[in-house]
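Okay, so here's the structure we're looking at.
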C-alpha cells in the first residue's frame, strides 16, 4: 500500500472547498501555501557519548485569525508533508470552533520509545531553542501531540522562559497543572470527540442509547472519548492499540479495558474479547466509528467496506456536491 | 542532461574532506545538516491586481565561527537543495579566508526579468519581513547574489529597520554607499578572482604575461575579474553571457566588450569575435578558465574536454585521490 | 461665525473647575498642558501616482491614572487645538467613569470621503507607523472616532503587530470581533448616552414615557442612542445628518429612519418628516436634546434659543457658580 | 522690527532650490514637512517648591540619509517654527558635508540664565525622559546648541541609559570627554567656520593675510573661529556678545578679548576698543563677516548696508538664477 | 538575650522537614540556598544636603513553582540573614496555599520613622532602580511588608514603568486601588489569620464563641485579624504595639482600641486596660495567641511559659516525629 | 597566621586616600560601598549524578566612568569580601590608566583542579546564566582571572548570546581569538608589569641592565613579565609556583624555566636552582620584586624583611604622608 501524501490530500480538500466557495484564486493560492515552514537540525549527545543529529519541523500555515496553534509530534514517520498538512488542518479546526488562533504544527523524526528520558529531554530542549525565534504567546503556541506530553511542554516553556529572562507560561498549552496548565486539558480531546458524536447523532436522528461504537486507537484521546460516549448510553464494541485490535459485540467496559492495558501493555488479550486485524476493526458493523489513531487510516480500500450506520446512506448530511 | 543536485554534490565533497580529516562522525553529521532552513510563502499583489504567491528560502548552515553570511538569489531555477548547498559552501569559504562568519544563503523562485520594479520591490519587502526573525547583525547578514543588487539590499535593510524601530545598517552587506555600504564592494568578487588566479599561477609556475583566459559569464564578477586579470598581463580570449559565447584568440579588450554589452544587451556580435556554443567556450584551449556564471556548469562530460593549461597535467596540486 | 477654538474652550472649563476646587497652581498648570503632542507628516502614494503629504496628530493629555485612551478622527477640520482639547476631555471622561485610563486623542487632516479604500488604508498604515513609538497596550490605546471604524483599527493593530513581531491586540480598542474586539463595542457609545439620559431624567424628575427627544447627528452613536432611548418610552421627534435635519413632532421610528438613511444616503426625505435647518433642529421644543455630531455645535447664539425641558429652568442641577 | 518666521524662511529657501532642481512636487512636499514634531510639557519643581511647566520641542525633519542629528537649544525665544526650520537646515548641512545623518533639532522655551543648576538639571532630565521614545543611536542623536553644554548632554545620556538598562553613549554627541566625548568636539564648530573662510577666500581670490574680520557673537563657536582665522593671518577688528559690540580697526587679539570677557562678563570695555551697536557691527567695513550669534540677524534692512569685501560684487560665486 | 539568626533557624526547619520527607540530598542542598541574593548600596540625598548610603537586599529563594513573591521591609534591624530566611519561608507559604509563585523577600536597613517623606521616596526609588534588573511580572513581584505601604509600591511601580517605557502594574502587588491594586488587599493578611484560627479551632475542637485571644502587635495585619476573629465570637483580651502591651481579661473592643491608638499613638492607656510587659503578654493565659509583630518573638524561654489552650497539650495535631 | 580581610584592607586604603584628597564624606561613603553585590547558588550535576550547589559572586563597585570591568576567579578561597575588594581595586586601576570602565569582579568558591571538564563547563554556564541580568556590553564586561581562561569566557559568551538571540562578543573580554578575542590579550598582563618596572626604574634611577629580579608565581602573568623584563636586560634570580620556590643568584633563563615547568609540573627542581620557602623568596635580596601570585602575600611580617633595592630607602617616591 502506497503511503498517502497528507499534504497532497490536504491540498485536494482545500481545492474542493475552494470550488464550492468560488474562492478568489489569489486567496486560494495563499491558503495552499503555509506561511512559514522551518526545518531544523538537532544535534543531541546520546547516552553513549555519540552525537546524533535529528531533524525537526515547525509549519505555520495561516495566522489571519490569530497566533498559530498546533501540537508537536515525535514519531519515526514524521515528514515535512505531514507537518504541513496537519498545520493546514489546524487552521480549519480553529476557524470552525471560532477560537482566535491560526494553524501550526511541529514534529521531530525520532522514535521516542527508543530514547532514554535524558536523550528525549535534550532533544526537546534543542528543538525548543531551534524554533524559539518563531514561537511565542502572540506568535505561535505549540501543544502536545503524538508521543509528547506535559513533560515536554514544561521543557519547552523552560527553554523559552530562560531565553526571555522571565517565566513565559503563555508560550505553550498542555503544560502540567503545577506550572499553569488548564484543568480540563487532560480530557479535552476525548470529551470533544464525545460532543461531536452527540451532535452528529442529533442531526442524524441516531439514538445513542445502545448504539454500537468502534474506537481505533486507545491512547489519551480515545480512552476519554470511549468513557464519555459510554456515559451517553452507547456501547463500545471494539478498540485497538499499536499491538492489535479487539472486539466483543456484547460490549467492552471502557474503564476496565484501560486498566487491563495499563497493566498488560496492550488491550489485546482483554478477557472476553477476540483479536482482529486493523482492517477488520475498521469494517466491523457499528453505529459509530471513532478513528483516534494517526491520520490517513481509512484508505479508499477500507472506506468502501466501512459498515457504519446504515441509516447514513440516506442521511441528512448536506450534499454539497450538487451546489 | 539531468540536473545535478547541488546538495548531494556538496554532501559528497564534505564526505571526501571528512575522510581525509578523519572527522568525528558526530561532527560530520552536524556539518552535513544545515542548522536551519526556512521556507516562506510570499504573497505579492501583482501590477494587474492579482495575488501571486512566491516561494523563498533562507538556509543557515553553520554559525560556529560567527553569524551566518551569504547572498540572496532571485532565479526561476532556485531550489531548496541549491540554497542548502550554497549555504554549506559559504561556511567553507568564510573559514578559508578566516573571517568570523558562518555560512548562509537565501533565494526566491522567481523570474526577476519578468517582474516590474514595483512587483520586485513588493516581493523583496515581503521576503525581508518573512525572514526577519532569523536575520540580524549578530545572527545572519545577507548580501546580494544572482539578480539582486544594492537596491534590494536597501529595501531589506529598510524593512528590518522599521521592524526594529531604528536604522539597522548592520543587517545587510552590499548596500548602496549612500546608506553605509562599503566602498570596494562593487569590485570585490572580481578582484578576489584575480587574486586567486595570481596565487594559483605562482603555485603552478604559470607566467601570466600573455596567458590565454576564458571567462564564462560576463556579469559583475566576471567583468571585474577580466579587467584585473588583463591588468596582470593576461589576454582574455573568450567570454559569454546568457545570450551566447564569443571567442577571439587574438584577445578581447575587456572594457570594450563591456561597453558593447551595455549598449547591445549582449557580448554576442562584438566586432572581431566569433559566436560559439557554451560547450565550445568551456573547452576552448586556454591557460586559465574562469567559470563565473551559475554553479554546476562544468559537467563530467565537459570536464573531460576542458583544455586548460597542459602543464597542469603534471601539476603541483596535491592529489587527494590516492590518500 | 468665528470658529470656536476648542483648546481655549477646554482651558476655560479647566480654569473654572480649578477655581471651584481651589486647585494648586502647579497642578493646574500641569493639567493645562498635554504631556505630549506629536505632529506627523504622512506621505501617501495616491491612486494617480502622485505623493500627497497629510498631517496627523496624537495628543496625550494626562496619564496619572493609566495609559492614554482616546479615538482617532479623520476630518478636514481636524486641528491641533481640537485634538488637544479632545485629549483633555478624555482625561475628565475616564476619571468620571473611574476607568484606569488617561486622556489621549488623535486625528488626521483629510477628507475621508474623497479617499479611495486603498488611499485610506495607506494613510492609516502610515499614521500607525508614525505614532508607533508613543502608543502601546501600557502607554496609549487608541480607538475609533469620527470617520474611522474597526477596519482602520485592524490596520493600526496590524502595523503595530508587525513592528513588535507578534500579534498585539491590546494596542487598540474598537477592533473587529474576529480579531479580538469587544462584543458590546458597537452599541457602547449610544447605549451610554441612553444611560445618561435615564439617570438625568431620574435626577430631574422627568418622565421618560412620552418625552420628546431631538437627536443631532445620525451616525453610530446617535442611532443606538435613539434606539435605546426609544425603548425607555421616549419619542424621537427630530434627527439630522450631514445632508440636513428632519422633524416630525408625532414621532419618528428610529429603526425605520436608519433603514431609510442606509438606503437613501440621508435621513432627509424620510416619509412624514419635514426638512428643517440645523439651527431649527437644535431649537426645536423638546424634553431631551442629544447633540451627537461634532463638538462646538451649540454656540452661545443657539444656546440662548434651545427650548428643552422647561422644567430645567427651575432645575435641581447643583449650581456651582455660587460656590 | 517684526520677528522673521524662520520656518517660512526655510520653506522659501527650499522652494527656490526646488525650482532650480525641478524637484518632483511630491518630494518637495515631503521635504517641506518635518517627519515628526514632538511638543512636550515639562513640569519642574523649582527651588522655591512651586511646580513650573516648561514647553520643549524636538523636530525630526528628514532621515532618508541616516538618523536625525541636531542640537538642543535653551532660550526664551525658542518657538516651534524656529525648531522646525533649524531641523530642516540640519538636513541640508548633513547632506552637504556628506555625513550619514538627517536633520533634527530640539529646544526648550526657558531662560537658562535664570535657572539654578538644580532647576536646569531637573528640566534637562525631564526633557530627556519626554523625548526618550523618539531618540536613540540609530534614530536621532542630539547635541549641544545655544546655552546647552556637555553637562546637559551627560544628563540626557544618563536618563536614556537608565531607561535602557545600560550605558548608551551613542545617544548623544558633544558629551564630556570622560564619558566618551570626541576630543576635537570643543573646537569643531569654530574650526569648521575657519575652514569655510579659507575655502571661500581661495574661491574669491581673497588674501587672508591682513584681511579684516568682523565676528558677531563671542561664544564657543565664535571664539575658536576667531582664533583659527587669526592664525591664518587675518585680523579680527570687531566682535560682540549679548552685552554689546566693540570695534578696533587696528585689530583685536582674540585670546586677550576672550580672557577679558571671562574676567569681566563681556567683551564690552576691552582696552583700546570702542563700543558700537549691533547694526554698526554688522555694517562695519570688512573683508569677512562671521555671523556667529543666533540666526536671522542679518535682516533685509541690514543686508543692504553690509560692507564686506567689495570684490564680492563682481564675485566668482556661481549664479544659479540663470541656470 | 542573643539575637536568633533567622537564617540558621530556617535551615534547621528545612533540615527537619527534609528528614521526614527523606529528601534527596541534592534537592535539599538546592532548597537550602537562595537562588540569588542581591545586596545594593543606595546613596540618598538627605534633606540637609548630605549624601547617605543605605544598604538594601533582595533575596530570591526558589522559583520552581512560579515567579518569586514577597514583601519589602524597611527596618533598622534588617539583615541579609533575615531577608534570606523570610524568602525561604515565602517559598513554603506559596506552596502550602498552592499559588503559582516562589519565595522572595527584600529589605532596606533604615529607620523609616526618622526619614522625611522626601527622603523615604528617594530611598524607595533608588532601591527600585537598583533591583530593577531582577524583578518583573514574570520574574519577581514584590509587595508591602513591615513599614512599607501602597505608597512605596506605587513609587516602585513608577520607577519600573519608566524604565520599561510603559505602565507595568504587574511588577508589584499591594499598590493603591487607583492604579490597579486589588480590592481586598488591605484586609487580606488579617482575614487570612482569622481563617487559620477558624480552621485550627475546627481541627482542635475548640469553640470560638467566647474563646480568649491575645494578639501581639496592632498594625495592619493584627487589627484586621482581631476584628475578624472577634466577629467569629471570640474575645480579644490583650494586644500590644511598639510602645507597650495591654490586657483586659473581660475583653477589648478591637475597633475602639484601634480608634484609641490612631488618636493617641499607642494602644497603651486604653481605658479599662492594664499595661503589661511583652513577656507577660505572650504568656497571658488564653485560648488563642496571635503573634503579629516581627518574627522570632517567641524565644525558647517564652515558649516554655506560653499558656495557651490547655487542650492542645493532648492535641490532635499530627505528630510527624513518629512517622 | 590570620587571614587578612581584603575588603577591610581596601576600605583602609580608600580612607587614607580620602584623607589626602579631603574627599567629601558622601562621596567617600559611596566609594566605600559596592553598587551591587550579587550572590548566586549554582546547582551542578556532577559526573557521579549527584547535585552539588556552588556559590558564586559578582561585585559591581562603581560605574561612574563606564561599564563595570573585572575578572572571574575560580578558587576554594574565594570570599565575598575578596570579590568586593578586587572590584574596588578594579575601579582604581581603570581610572589610573584612564580607560572608560568601572570596577567589577566575580568569583566562584570551588576547586577547579578537582572538577572534570564537563563539571567545570556546567558550573561556568550556570554562573553565566545566574549573573546574566547584570552583565552586558554596556553594563559589566567580565574577563578571565585566577583559574579561568578563554575557554570559560567562550562559554559565558555562548550562554549570554543564546539568551539574547544573537552573537554577543562584547559581553566578555579574554575570549579566544577565533570568536573575536584581542590578539595581544595573552601577553597583556605580563607586558604591562614590565612597563611598570621600566617606568618605576626610570623614576628611581635604577639601571635595569643586570638588575636582579624576584618573581612570585609563575603563571600566565608572571612568565610574560619575566620574559619582557629579561629582554630589558634584567636578570631573573628567583621564581615560584604553588609547588615551591627556587633561586639561582646567577640568573634563571625565563623561557627554559617555563619549558621545565610545562614538562615537570613545577619550577621546583629546575637544574642549577635551589629550593627555598615562600618567605625566603619574598625576602631574597634583589632590585625588583614582582608579586604575581594571589593578593595579600606580603604580610606586615614579611614586609619588614623584604630586601629589595636599598636605594629605595632614600627613594624619590613622593611622600604623600606629609602633604
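Read from first to last, the chains carry the letters A, B, C, D, E and F; within each, the first residue is number 1.
Just so we're on the same page, a contact is a pair of C-beta atoms (placed from the backbone, for glycine too) under 8 Å apart; a residue touches a chain by one contact, two chains touch by 3 or more.
As the structure is a computational prediction, the values presented were derived from the model and not from experiment.
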Show which chains lie in contact with chain D and also with chain F.
-> B, E
Per mean C-alpha coordinates, the chain lying farthest from chain E is B
Matching B-C in over half of the residue-numbered contact pairs, the equivalent interface among D-F, C-E or D-E is D-E
Label of the chain whose CA centroid is most distant from the centroid of chain D = A
Could you quickly compare A-B and A-E and let me know which has more C-beta contacts?
-> A-B
Which integer distance in Å separates the CA centroid of chain A from that of chain C?
-> 49
Please compute the C-alpha centroid of chain B, do the same for chain E, then give the distance between them in whole Å.
-> 69
Which residue numbers or ranges of chain B touch two or more of the other chains?
-> 133, 165
Which of the chains are touching one another, listed as pairs?
-> A-B, A-C, A-E, A-F, B-C, B-D, B-F, C-D, C-E, D-E, D-F, E-F
Interface with chain C, chain B side, in the complex: residues 129, 132-133, 162-163, 165
What does chain E use to touch chain C in their complex?
-> 161, 164-168, 178-180
In the complex of these two chains, what residues of chain E are touching chain F?
-> 24-27, 29-30, 32-41, 43, 50-53, 55, 130, 133-134
Residue ranges of chain B touching chain F (in the complex, touch as defined) = 63, 65-67, 100, 136-139
